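Going by the order they are written in, the chains are A, B, C and D; count residues from 1 in each one.
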Amino acid sequence: MVDIRLASEVPLFDIVADSTEPKHLVTPGSLITKETGFMRGHGTYMQDDCLYASVAGVVERVNQLISVRPLKSRYHGEIGDVVIGRITEVSQKRWKLDTNARLDSVLLLQSVNLPGGELRRRSAEDELSMRQYLKEGDLVSAEVQNIFNDGALSLHTRSMKYGKLSQGCLVKVSPSLIRRQKTHFHNLPCGASIIMGNNGFVWICPTLHEDVAGGFVQNLETVPHADRQAISRLRNCVTALAQCKMMLYDTSIMHAYDASINAGFEIKDLLLPDKITEIALMVRKQFEMEKE
Amino acid sequence: MTSYENSTNTESKCIISTPGQRLCLAEDKYIGGVGTYTRQGYIMSCLAGIVKITAQPDKRILVEVRSGKEQTVVPSAGDIVTARITQVNPRWARCAILCVKEMVLAEPFRGQLRKEDVRATEKDRVEMYKCFRPNDIILARVLSLGDAHSYVLSTAENELGVVIAYSEEGTPMVPVGWQEMQCPKTYVKEMRKVAKVSPEIISNENNKEAAN
Amino acid sequence: MPVDSRRLQGPESAFSYTLLEKKDANAEESILSADLQKMLIDSNHVRKDKRKPTDARPLFLRTGIISQAKGSAYIEQGNTKLVCGVYGPREVQKKSDFRLNGQLFCEFKFAPFSCQKRRSHQQDNEELVLSGLLREALEAAVCLHHFPKAQVEVNIMVIENDGSPLAAALTCASLALASASIPMYDLVIGAAVRQLPKLLLLDPTKDEEWQPKLNHDENNSNLTVGFMPSMQQICAYVHEGVSNPEELEQMLKIVTEYCLKVQPVVQLCLKETVEKMLASEGENNDAE
Amino acid sequence: MSIAPQLLRGPSLMAEILLSEAEKAFIHHGDDLRCDGRTRLDYRPIILETGLVSNASGSSRLRLANSDVLVGVKVELASPLSEKPLEGRLEFFVDCSANATPEFEGRGGEDLANEICRFLQMSYMSGDTINLSELSVLAGQQCWVLYVDILILECGGNLYDTVSLAVKSALYTTQIPSIKVATMDGDQPELELSEDPYDTKRLNTQNVPCLVTLMKIGNHYLVDPTPEEECCSSSGVVVAVSGSKKITAVRKIGSGSLHPESLVSMLKTASEVGAVVNKILMKKLLEEETAGKTQKVGFMR
């Protein structure tokens, strides 16, 4: 019922993470290069023809473009990313969303498919009844359509797979832990679906069926107990991996899920610090075995 | 009507209810109106006031509770409100909502009238300064609750718009068309989005002015 | 603590002369509960003010005490006297406080002369907490969705405090709200009870109220409840002192039974209010 | 018109978060299986460390999921209150710093801090919890005042419980110096501090109460609510439970209401849970004490 442990008994989470040090770590103000001919990317500044870092992070080079990827940052959107956002404000012709980015993201009324099909003409009534479709607190999955000049993201949900999210559980992790993949929507074999938002918002819900997604309807019926168990276990696996700074994608999550079942852990056990490290170690071992 | 609890003065024609008092079963026959709510299959009173029972055209019975005092009103979507313009700029006008329907508010609520909601046709050609001036009294419809600042209003109907306006000289002007008003003293014409007011509304407005 | 320069502040070292009163202070600090019980009640189970343990003090209610307010009420429960004024619904001024639902704003204030010790003009910690309790209790009863974006203000001023002020405030506030025709799901009736080791005293006076004292050998406590009689729901519950859950159950029962007895009284008062209003309206109409 | 009153209200307890209707429904329907796999009466894991602040007479840091609380107790001499000449006293102060959540910035956290503070005071007041006469040095003239300063480092829900556990741990480790009253010439008493810095006494904290928050969700109630669960609930109770399973203070929280029966059952559950929490906490504190000087973990993690 209650588990109290002393700080000295709690293992360090970072023992699990990959111990190989990244190659080119810099801190703000450190010199990256004196050579000219490079292009200045994010996280850098130019002074006296030398390139310096302006954030702490890893230096990345794409052709002539040098940028520093910060160790910890808010979500830095790219066009085409799948994101999950929460509506924070309904204003004229647009919704504002929290997507863990620096600025509130925007979902324009014209970037959503309103019920009634593509050809439906948007009228003034739609503008006034925006709250009926999406209101404050609602979660949506969406794609980054555009990036405004100030860096704010403009989203769209004009595809059947995007739209309002129904029952389930949201986990927030650092965006850098989400591995970019072909698809971020997974129907997992354990009986639940997971949407890995590039912005670090992970949505776990009962298995999605292709035909129902994309609308504005929320299913408020009780989720069966078995589905709930799968969702809770997945949730705890995701938080466990995230705490140990392990990359998150369908395979790593499923490994963690299977490992936790094989080890005979109850769902709530996965909240305990020692079990978290244990799971993370098991997942790493699994990957190492697969490599060989 | 079957059950009244603690209703002692049935002899004096009117029945007085108090908040939380059970009025009747919430059956198909009865509809709960103003001042009531439904809980556990009963229509309950949420005000202290007189129970009013009216037969509806469809033979159902409407149960309402009317308090002696003026009702507790706040503007809600769809209501016609009377407002005073406080500020005008090219995109919108700010106003203070003074009355909701027939009821005078004790304290004003803030409202906003956007340029595109001023009239129903030729929305693009609206010029705010030619429609409203500060201190004009307008009739408007509440479109939505709006945001934290203000209610969103609209005058995009013939019957809505400026009803009382004063000329630069300070006399109340008379409408001379749906876009103009004229000062009876100086004969100067000023531009307004004039409401087409039917006579009974005018008398109402006058009463209100007198009350204020 | 900010000091209000417009008000006359007493010297900091000033204290109530009542502290100098010769009393068996030392004895009182560590008395056994049996003795305590003897102090509050005689051998025939009669309290100092001639009440039986389960008797409440006489209750007096009146509405329309403040003509400017939307609604108001006055309550007298023995020597505990307080006024409540209700204003609004009015617009919420601060943007940060914006909420789509209606809101309640409650202020609970003791008049400086209301207690044995002089109270400050500024709201002190206790008053802030009482305000919060009052708000949370009334929010459960008021139909907040009837006035979106707006707030209703409920101000309580305690004129004289002779025990159970929160209980009286709850009854008074719900009466004032109802007389202001603010829609409510139900009335709220407040009541308090004092627990002595073997006895429960309903509606305690200041002397009977539980005070944090030392070394009580047995359970002793004070309970204040806000009860919505028709809905059978508790919207305020504050307990101080030591009790077992079983004892708390017993106390709750006594208190809710008392609330059910008070309900018709409050209803009657409201009915009279409405009748009076109707009568005056009739007169106005005749005059026209 | 026919909406249940409970569904219309948001939380008023602490930093508000937004949830969609469906998420709320998901939490509501949890059948003794909460989103993180716990049953209704499970706490999240708690991590505890005492004695981190060298300048304080007693200190502790307690982490319950994302709620992080640091408590320092300072012992000072003062004159007793005129109403209670034979007792020392405890003074609580809660600081909801803006570090915990941006909403606490400015005066934002003040109300919450006030509420917690007042409730702690309430639950410590009765004679059953802590013997304040132990803190008297010289009747009517000098006594010990324990300033209990509570710093909320991070706010992740269930603050009442977290704070109370941290306060109890800090009080457990608090060392009160031995002081002797030497009478000089018969009239002016003089206080003499013991020369040995290890000559200290400790308070008996066996009966010091733990707070148990029970939030009502649907027809059930649960302990240790997450912020999401707090958001779904309109009412609950905070119950102070002493080591001897007795209830020393109760408050209803939230803007909803409770049926008398469910309230009584909540109080009974709270007293059971509180007793277990108290027991485990005391066991752990004793364990840490007997383990002697281990490496302090501190804040470097």
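Please note the rule applied: a residue touches a chain if its C-beta (ideal position, glycine included) is under 8 Å from a C-beta of that chain, and two chains touch if they have at least 3 such contacts.
Computed from a predicted structure; not experimentally measured.
Ranking A-D and A-B by contacting C-beta pairs places A-D first. Distance between Cα centroids is largest for the pairing of subunit C with A. Centre-to-centre separation of subunit A and subunit C, using mean CA positions: 51 Å. In this assembly, the C-alpha centroid of subunit A lies 35 Å from the C-alpha centroid of subunit D. With centres set at the average Cα position, the gap from subunit A to subunit B is 47 Å. Residue positions 37, 39, 147 of subunit B each touch two or more of the other chains.
For subunit A, the set of residues touching two or more other chains reads 136. Among the residues of subunit C, those in touch with two or more other chains are 100, 141, 143, 185, 228, 231. Considering their complex, residues 3, 5, 8-10, 12, 82-87, 111, 114-115, 117-118, 122, 125-128, 131-133, 234-235, 237, 242, 245-260, 263-264, 267-268, 270-271 of subunit D touch subunit C.
Residues of subunit C touching subunit D in their complex: 15, 19, 25-26, 29, 99, 101, 125-126, 128-129, 132-133, 135-137, 139-141, 143-145, 185, 212-216, 219-221, 228, 231-245, 248-249, 252-253, 256. Interface residues of subunit A, counted against subunit B in their complex, comprise 89, 91-92, 128, 131.
Residues 1-8, 10, 12, 86-88, 136-139, 165-170, 218-220, 222-223, 225, 228-229, 231-233, 235-236, 266-268, 270-273 of subunit A are the ones touching subunit D in the complex.
On the subunit D side of its complex with subunit A, the touching residues are 18-23, 25-26, 29-31, 33-39, 41-49, 61, 65, 165, 273, 276-277, 280-281, 284, 287-288, 291, 294-297, 301.
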